[in-house]
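These are the structures, in structure tokens.
Across the two complexes that follow, chain A remains constant while its partner is chain B and subsequently chain C.
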Partner chain A sequence: MTSAGGGTAVAAATGPATGSGHVPGQPDMWFFVVFESLIFTSYFCVYLFHRARHEGAFLQGQSHLVLWLGVLDTVVLLTSSWAVARCVQHARAGRHRPALRAAVLTAACGLAFLALKLVEWARLIHMGRTFTSSEFFQFYFFLTGIHLVHLLIGFVVLGVLVRRLSDRERPSQQAVETCATYWHTVDFFWVLIFALLYVVR
Partner chain B sequence: MGTTFDRRLFVVWLVLVGITLAYVGLDHSLGGGTTLSASAAVTVGAIGLALVKVRIIMREFMEVRHAPPLLRRLTDLLVVVMAIAMIGAYAAGRTLG
Partner chain C sequence: MTGGDGRSDPKRELWLAWYATVAFYSLYAVVFFVVTRTQPPGKPWYGPVEVAAWFSGHHRGLLVGFALIFVLGGLSATSIALITYSIRRMSVSRAFAYSYLILYAIAAVPGFLFICVAMTVGAMRPGRDPAVLRWLYDLGFLSFSGTMGVFLVGSLIWMTAILLDQNRVFPKWFGYMNLCNALTEVVVAPSWIFHGGALAWNGTIAWWINVVVFGLYTGVFITLLRRMILREDFGRGPLPDLAPTMSGPGEAAAEVAAA
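On to the complex of A and B.
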């Protein structure tokens, strides 16, 4: 397996070196991505199984969600993912300032998502929909809660990313890519949670 | 320099947002959020579209398309496993009633 190691490697192109292939970030992070994806898939399977058996009750619970809020959450996180992908490209090309700006934009979108989620939780709790209200809301608060924990860890990861980008003496493209890979994983987990909680019937 | 590649990332973002908004169209065509009714087609369609988005995020944003064949195959396999598991669990639930 090849990796960018600790160098600035490919300065001219914004894409990684092609040919034999380039593993984005540390290979260990990919084990985490696969492992976490399988864990989340098991949660999703339990949810879908229960949902299919009690469709009426789940639809009734789901009707209290605002689809547009879920759409907004998704667009905000997709934008954060785009920003961190830009950050990786800038860092690879040795453009430190734009890379830092992209990392800050990623964190800003993450904070916007966090705020939206808290507003949505507050709205539902105010309406009397809590963890114990129904099976749907048990799954809703569990899935959005466990995702939020991953998002909060993501802020620590973004902190590491900013620190790495600020260190001009020893910039590590591999570290930048590892952080980005984690953030994208938080993004695609939400893409699945959004579809399962807000869209399925 | 690199402008075409930047445009590619932006187009990817547009496609992902487009698919997200397609869900809203789907919802409107079903009568909006007040009177929800169960639909296996919508459920399987929503899961399928979400997994398409996941694969796009992996290939483009996570740069898996430049990765060695092993990682490309592994991520594709992951998406297939997720699809089979989720649709299987949903089908099992419906069958058992």
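On to the complex of A and C.
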């Protein structure tokens, strides 16, 4: 839920300066946020439905996950969200260098998350817990995998952000905020996935 | 349809393509969901005997429905043509339109022709070994549900063009909706692996949720293509909010009625 706090920070930091009304960034990006949230909600409902039917098996599968690795994933990604919120604030104040540094920190945290996830997958696969080994791991690899696809798209989005930040001819605060909104959304989805896969007992 | 000044309506050809698009998607839905009952898909865990019974139970529907597709499936080209037209109307490089057109030139094969051929062969040769029929059944449903790469990349090309466009041909939120659609195309890949559950070819995630997203996406793009035709001024700059002189069939009829 800290990510939602990050989103509020962005909103507070930008507000009317963007001239785009009440939401930070391009309002159209919020269509993506809502629509993609609905899709993820439907995935979560399917997961919870299957989990309720075979609770014992799911708990048994869950016991093979390392909770502190999940916590570390979450902390790293929340740090990236904080960094991208700082990036938006710096950009709004016209401080380009700190904004760029914050964007690089965001990408670095994203890469760290990617590396952690790959380590986690490798560990599980090495233990014989694969996509096909049980229903829990089918959902585990599906949800973390589809989230990772969103994260990879996030790197492209950060590339756009850095490009718009570096473009002194056509600076666009709105573009920066739009990209940040996407990044927060990916972070938000992870917090929910983390809660459902690692924490819920 | 004629314009207010009595000359022939340059939008007539565009409306022809648009109505053909509506006709194609209506036919597609009716054939797959009603006539052949191949959607929602058959059970992925069926053995040879059950598959032979499935073919026998669906025999007439498969023949009638897919005969219609074999005759009229080419109408799918009209929606691709209109979408390519929309990209050409944007302020972006022609490379986007060319990529989209070339990619979608083969889209009908994984999109629906493979399943039509496989299922029609199964229906026309009921006496074959049930193991062979099962193979055709797998081929049909897997080719239909599991081969989404064309549509994945196609949606991303259209998305990029819309987001870069300065001519306001489509709203930007629809660009992002293309990304949502592309991401659900990724989700069907596991249907090659699983014979049951949420990720199988008839699963809640790989089929039901995807169909809802694809249905919404298709409905939205057909509506937005209609709006594009209404707004089209055949210029090169940004599309106006409302059609300045020309009007669509509905509006034209209203004008006639008012006159």
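Note that the second predicted complex is superposed on the first by the 179 of 201 C-alpha atoms of A that agree within 3 Å, B and C clash if a C-alpha of one lies under 4 Å from a C-alpha of the other, contacts with A are read in each partner's own complex, and residues count from 1 in each chain.
Basically, a residue touches a chain if its C-beta (ideal position, glycine included) is under 8 Å from a C-beta of that chain, and two chains touch if they have at least 3 such contacts.
Everything numeric here is computed off the predicted structure, so don't read it as measured data.
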item	value
Clash or fit, chain B versus chain C on superposed chain A	fit
First, second, both or neither for A:43, with chain B first and chain C second	second
First (chain B), second (chain C), both or neither touched by A:187	first
Touched partner set for A:154, first chain B, second chain C, both or neither	neither
Which of chain B and chain C A:28 touches, first, second, both or neither	second
First, second, both or neither for A:110, with chain B first and chain C second	neither
Contacts of A:132 with chain B and chain C, given as first, second, both or neither	second
Residues of chain A touched, compared between chain B and chain C (which is higher)	B
Touching partner for A:53 - first (chain B), second (chain C), both, neither	first
Nearest Cα pair across chain B and chain C, whole Å	13
On chain A, positions contacted by chain B and by chain C	42, 46, 50
Interface residues, chain C side, partner chain A - complex	171-173, 175-177, 179-180, 183-184, 186-187, 190, 193-194, 197-199, 204-205, 209, 213
Chain B partner contacts - residues on chain A that touch it in the complex	1-2, 12-18, 20-24, 30, 34, 37-38, 41-42, 44-46, 48-53, 55-56, 59-60, 62-63, 65-68, 71, 74-75, 78-79, 81-82, 84-86, 88-89, 93, 177, 180-181, 184, 187-188, 191-192, 194-196, 198-201
Residues of chain A that touch chain C when the two form their complex	26-29, 31-32, 35-36, 39, 42-43, 46, 50, 131-132, 135, 138-139, 142, 146, 149-150, 153
Chain B to chain A touching residues, read off their complex	1-2, 5-6, 9-10, 12-13, 16-17, 20-21, 23-24, 26-27, 30, 33-34, 36-39, 42-43, 46-47, 49-51, 53-54, 57-58, 60-64, 66-69, 71-72, 74, 78, 81-82, 85-86, 88-94, 96-97
